[in-house]
Amino acid sequence: MKVKAGLWKSSRIWSLTLLLAVLVVWEWTAAAFAWSDLVLPAPSTVVRSLWRGLSSGYFWPHIAQTTLEVIAGLALGGLFGFVCGLLLGESAFGRRVFMPYVVASQVMPKLALAPLLTVWLGFGTLPMVVITALVCFFPLLESTMTGIGQTDLSRRELFRMLGATRWQTLWRLHVPTGLPVILAGLRMAVVLALVGAVVGEFIGGSQGLGALIIAAQGSMDTPLMFAVLTLITLEGLLLYLAAVWVQKRLLRPYAITYPGHQRS
Amino acid sequence: MDDVFLSMRQVSYRYPDAPVAVSDVDWLMPAGAFHCLLGRSGCGKSTLLKLASGLLLPEAGSVSLEGQPVCGPSPATGFVFQAPTLLEWLSVLENVLLPVSLQRSPDAADTAHAQALLDELSLETMHDRYPRQLSGGQQSRVAIARALLTQPRLLLMDEPFAALDALTREELQDILLAVCRQHGTSVLFVTHDIAEAVYLADRVAVMNRGRIACEKSIALARPRSPGLRHSTQFNAICASLRQVMDTTQ
Amino acid sequence: PELEKFTLAGWSKPITEITNLLAEPDMGFFRDQGLALSYLPGAGGGDALRNLLSGQADVAFTDPGSFFAALDKGAKLRAIYDIYPQNVFNVVSLASSGITKPSDLKGKRIGVYSLSSGTRQNLQILLQQVGLGEADVTVVVTGLLNFIPLIQRQVDATAATDTGLALARQRGLGAVNVIEVAKYLNYSSDLFVVRESTYQHDKDKLRRFIAAYRRSAEWMISEPERAAQLAVRRAIDGQDPALNAEIIAIRNRASVSDLTRRLGLGVLDLDTLQAAADAYLKLNLISRAITIRDVVGLDLTPRIE
Amino acid sequence: MKVKAGLWKSSRIWSLTLLLAVLVVWEWTAAAFAWSDLVLPAPSTVVRSLWRGLSSGYFWPHIAQTTLEVIAGLALGGLFGFVCGLLLGESAFGRRVFMPYVVASQVMPKLALAPLLTVWLGFGTLPMVVITALVCFFPLLESTMTGIGQTDLSRRELFRMLGATRWQTLWRLHVPTGLPVILAGLRMAVVLALVGAVVGEFIGGSQGLGALIIAAQGSMDTPLMFAVLTLITLEGLLLYLAAVWVQKRLLRPYAITYPGHQRS
Amino acid sequence: MDDVFLSMRQVSYRYPDAPVAVSDVDWLMPAGAFHCLLGRSGCGKSTLLKLASGLLLPEAGSVSLEGQPVCGPSPATGFVFQAPTLLEWLSVLENVLLPVSLQRSPDAADTAHAQALLDELSLETMHDRYPRQLSGGQQSRVAIARALLTQPRLLLMDEPFAALDALTREELQDILLAVCRQHGTSVLFVTHDIAEAVYLADRVAVMNRGRIACEKSIALARPRSPGLRHSTQFNAICASLRQVMDTTQ
């Protein structure tokens, strides 16, 4: 326990050191090359812009909007991806029939579809949520499909023997077996969801962090753009941490191990 | 024979790309009987058990249980697999309760029953552990408790005591006999311990290369008691079975 | 002789509108001036300026809005050539909507490409001319396909460019009312912009570039059919020669003005640019006044007097 | 075997039937509502545009460009993601130090980053390849990390006992164990790679299918846009099929099972 | 005792959140010796074996091999785990060759050796199968072949024959004794079959709740021959060990 806490602390320190190093080098290069703020602003400029936006309250509604979209999209797309993953994982037939459509829905660049989505769904939050959902649908689908396929034969035989229904076998055997993999998909989905929401806002949004980036680009306010990118990154990290926390909670019984056997 | 409980007629099975694993097996089991299967490693014992359970369907021949053809596993049949096959994310108690919790949410009586079973199998301090925290023999005892919980009409056991020491094994043999007697359970039991087979069974079959090489009724008094193991009659039966096995393969 | 590398950062992909640049392999206007021209595509005038400022390009093909914004942020830039002296922006509404003048836009939903596009800035300028502001209308971001929501009546009007309108008409837009921003403030749509240092130290190169560009623009004006043919091969969106011809004709029209007819192609109109800069300031699109005279280079566009 | 072939055939038929049904309904709606080609072109119009582009040779250089970017980006990003997944999967310390940066690199919308990449890397194919690589890096990283963590204790003990080096344990035990999960990551990466390349071209490309979409939108040629979207979808399906094929080959020994035990 | 090969002194081990699994065990093994561990399920046999191998490090006390303290597993030690632990993606032959292929690419001699071992263990038709296509006993024989392949100086075996029938088991006992004698291998062997322990071992320990409850030298002639099992001396030793076990726990 003690060793672990030490590792944890020292790794945080290293992580922060790395961040600081990057920032210092960046600040220094920006000064040395005398790049225009329009091309690559120094971190100090970005931080000033960030602080101004936060303290003036300018950023908050945009953050709220994006967060709303991400959470709604993630809930919708994640759930749908999980359910479809269960269905397609269960049925080779379904997989053969529907996978082409699933893949098609994913390779279609959302960016190109956005104008049409607004035609169908109107303007506002809905199309962004749909884009976000579309984007985080796939990782959960793929990982659920893979995860629930990992159950070994003997446990499947056990469940058949116990007269488990198909649903029970799925829910009480395949899903717990695949949980680590499914949660890896969730981590990917969380990250993609934010990207999806921001990209949606690039095109059709008049609010949200994505819209803010475009507005910043329009007024050539690169420091503002970087400030918003920083916000997005922070929000992404928070979401990812939340996903890791969920994972830690759910996977607790899987983590049983003992000293001398821990992986590094 | 109208009191036949389990009947296998001319049953054959072959895994893809492998020689036949079970061929032309005929086997009848009256209700409440205790039958043992002996045989060398790889002779088809586990396969035959899976055929009896409905987990595998025979390529030729037929299996029927209480007159009904078996076309899939039935929850009234208990199965102890050769490996413990526990679910790692459930505690020992939850693993034992699994057969019940797949039917309904386990109540206090179920939990008490499961706990009593675990205690009987000397796992009283292990209820809240996870399977990976158990020794090999403890895991297999959990699997046995799980199979006994639902008091199945037919119990199929594939070397359930293989990972246990002689003492524990003998204790469990007596427990098993008592439990089955009490509930009228029919048991088909695979073992490679001849003495175990003789002690437990009414009837013993020796398998060889997928076929039943020899059947033998065991005419020992019931209920069995540990002292029986030292009787000459017991040892004579063991020796004769041993002789049959020596001629196989 | 060795050709000098010369990179032009544009606001768009290599599209038909700039066939005179894309025709370089066929026509060699820049080669003749000792320049090896390459085109760096962008998504908007801001991209073009960023690529210019980062040193990836020698000259940017950008709109005054982006130019002003960059100056406002302290970039050292100079406009040296007026590519389209005509304002090409307009606000289009369905004929049935009854919107005919800027004041009719009050309270309406109006589509723009994006929050950073010239369509929005020019819409603001238009509204400003009749005493309205963005707060009096609902601005809706529609993306590049901005006529679709108009047809679907999800917006009441959409801000567009002349070529956009022409294309939409080609594709069956139907009867529409067009409010041209040029009627209210006719300032340049696109400029060539260079870094101050290039302007100071590489004047000869820029002079040759301007000469070549002028010739290419004159060529496109004088041989529109040939240009339309070449666009089929050279432009990314030039599959249909008839359509190419139409777009080229529109761009040719935007390339000339009374001033350029008098003084030659590309001559900067300081008065309208100053008026535009002032309007941008009033709209808070920029934060400081810009004196146009200080940020243009007039000596590169020889006047034919 | 026979049953399988039958299933395969019938599933293909169903898949195609579904496609046909969608197309017919779409064609019919387009005709019934007399929508302009601008809003939603009928499939027949799209097919005509597709055919024209293919037969005139107009599409080919763009297809080649995008394919090049996808393959180079996938190779680069996939390999890098796999290697980083191995490293971070092996080291909890490395995970704690670097994961924030990895997540940051992913939540940063590439669309906003693309102009900066041009600033740093010049223009042409390289920035697109880098964007593509950045995008497909993450799924492989996550899935490799998850996959190689799935090895059970007893097999790890076996390898320790056999004196396997860390590298051997990784390569001969953790990687084969995690292979199904890693390949799920590859399938995701393949799909994302195409999206990444196309999105990169949206901004900085003068060639490629993404550039073509923007050009089509700019000239309001909706049928052309749909034709290009169709091309992208087909390319995506092909890439996905290739990934599935790779998976089938690599996972052959894992698929050992027998009749009565096959999952649906 | 200067010919001590493996020595464990005052060794204790405890898994987190569990009572002590091995406590204060002293054990010395001369080179070439064959020692057996008996004991009830959960008494700490597997844990002791893992401590001897270096897979687990003792909480207290010390383990040393040939005078060197053991601070991790050494490839000169072979280990047969309680479960077969085969790699599913490798064929039987590849699984057997694994210890070699981790050192170098196996040559024809290695392959021939592996094939000979498999044949000796009656797996001659199984070389190209995958582990999942084997019966339980066949899997454990593959694991035994894998451990024998490298001719380790010390062989630790955790109930290797538990999944095997009496005949196969007796054949393998003789094979194992011959192989170890030939290469001077020292063996520490966990079993719950008393007769097996007596047949194989020079010395037998009975464990109880993590401690060694009793040690016994087996003074039977070497080499052992199958006939020995019926001798009265043999049965007397078995009976006395049985008595010791009966008093445990």
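For clarity, chains are labelled A, B, C, D and E in written order, and residue numbers in each chain start from 1.
Keep in mind that, in the parts below, a contact is a pair of C-beta atoms (placed from the backbone, for glycine too) under 8 Å apart; a residue touches a chain by one contact, two chains touch by 3 or more.
Worth saying up front: this structure is predicted, and the values here are computed from it rather than measured.
Enquirer: Note the shortest touch-path length, in steps, from subunit A to subunit B.
Expert: 1
Enquirer: Quick check: more C-beta contact pairs in A-C or D-E?
Expert: Result of the comparison of A-C and D-E: A-C.
Enquirer: How many angstrom between the C-alpha centroids of subunit E and subunit D?
Expert: Computed value for the inter-centroid distance: 50 Å.
Enquirer: With chain centres defined as C-alpha means, what is the inter-centre distance between subunit B and subunit E in Å?
Expert: Going by mean C-alpha positions, subunit B sits 27 Å from subunit E.
Enquirer: I'd like the Å distance between the centres of subunit A and subunit D, where a centre is the mean of that chain's Cα atoms.
Expert: Here subunit A and subunit D have centroids separated by 17 Å.
Enquirer: Can you pull out the residues of subunit C that are in contact with at least two other chains?
Expert: Correct list: 46, 50, 54, 143-145, 148, 152.
Enquirer: Could you pull out the residues of subunit E that touch at least 2 other chains?
Expert: Each of 15, 55, 83, 132-133 in subunit E touches at least two other chains.
Enquirer: Among all residues of subunit D, which ones touch two or more of the remaining chains?
Expert: In subunit D, the residues touching two or more other chains are 39, 115, 119, 153, 157, 202, 217, 257.
Enquirer: Under the touch definition given earlier, write down the residues of subunit C that touch subunit A in their complex.
Expert: 44, 46, 49-50, 53-54, 65-66, 69-70, 72-76, 114-117, 120, 139-145, 148-149, 152, 154, 285
Enquirer: Inside the complex, what are the residues of subunit B that reach subunit A?
Expert: Touching subunit A: residues 50, 53, 55, 72-75, 77-79, 81, 83, 85, 87-91, 98-99, 102-103, 130, 132-133 of subunit B.
Enquirer: In their shared complex, at which residues does subunit D touch subunit C?
Expert: Of all residues in subunit D, those touching subunit C are 36-39, 52-53, 56, 58, 115, 118-119, 122-123, 202-207, 211-212, 214-222, 224.
Enquirer: Taking the complex as given, what residues does subunit E use to touch subunit B?
Expert: Residues 15, 18-19, 38-42, 46, 82-83, 125, 129, 133-138, 141, 158-159, 162-169, 192-194, 242, 245-246, 248 of subunit E touch subunit B in their complex.
Enquirer: Across the complex, what residues on subunit C touch subunit D?
Expert: Interface residues on the subunit C side: 12-16, 39-43, 46-47, 50-51, 54, 56, 143-145, 147-148, 151-152, 164, 167-168, 170-173, 236-237, 239, 243.
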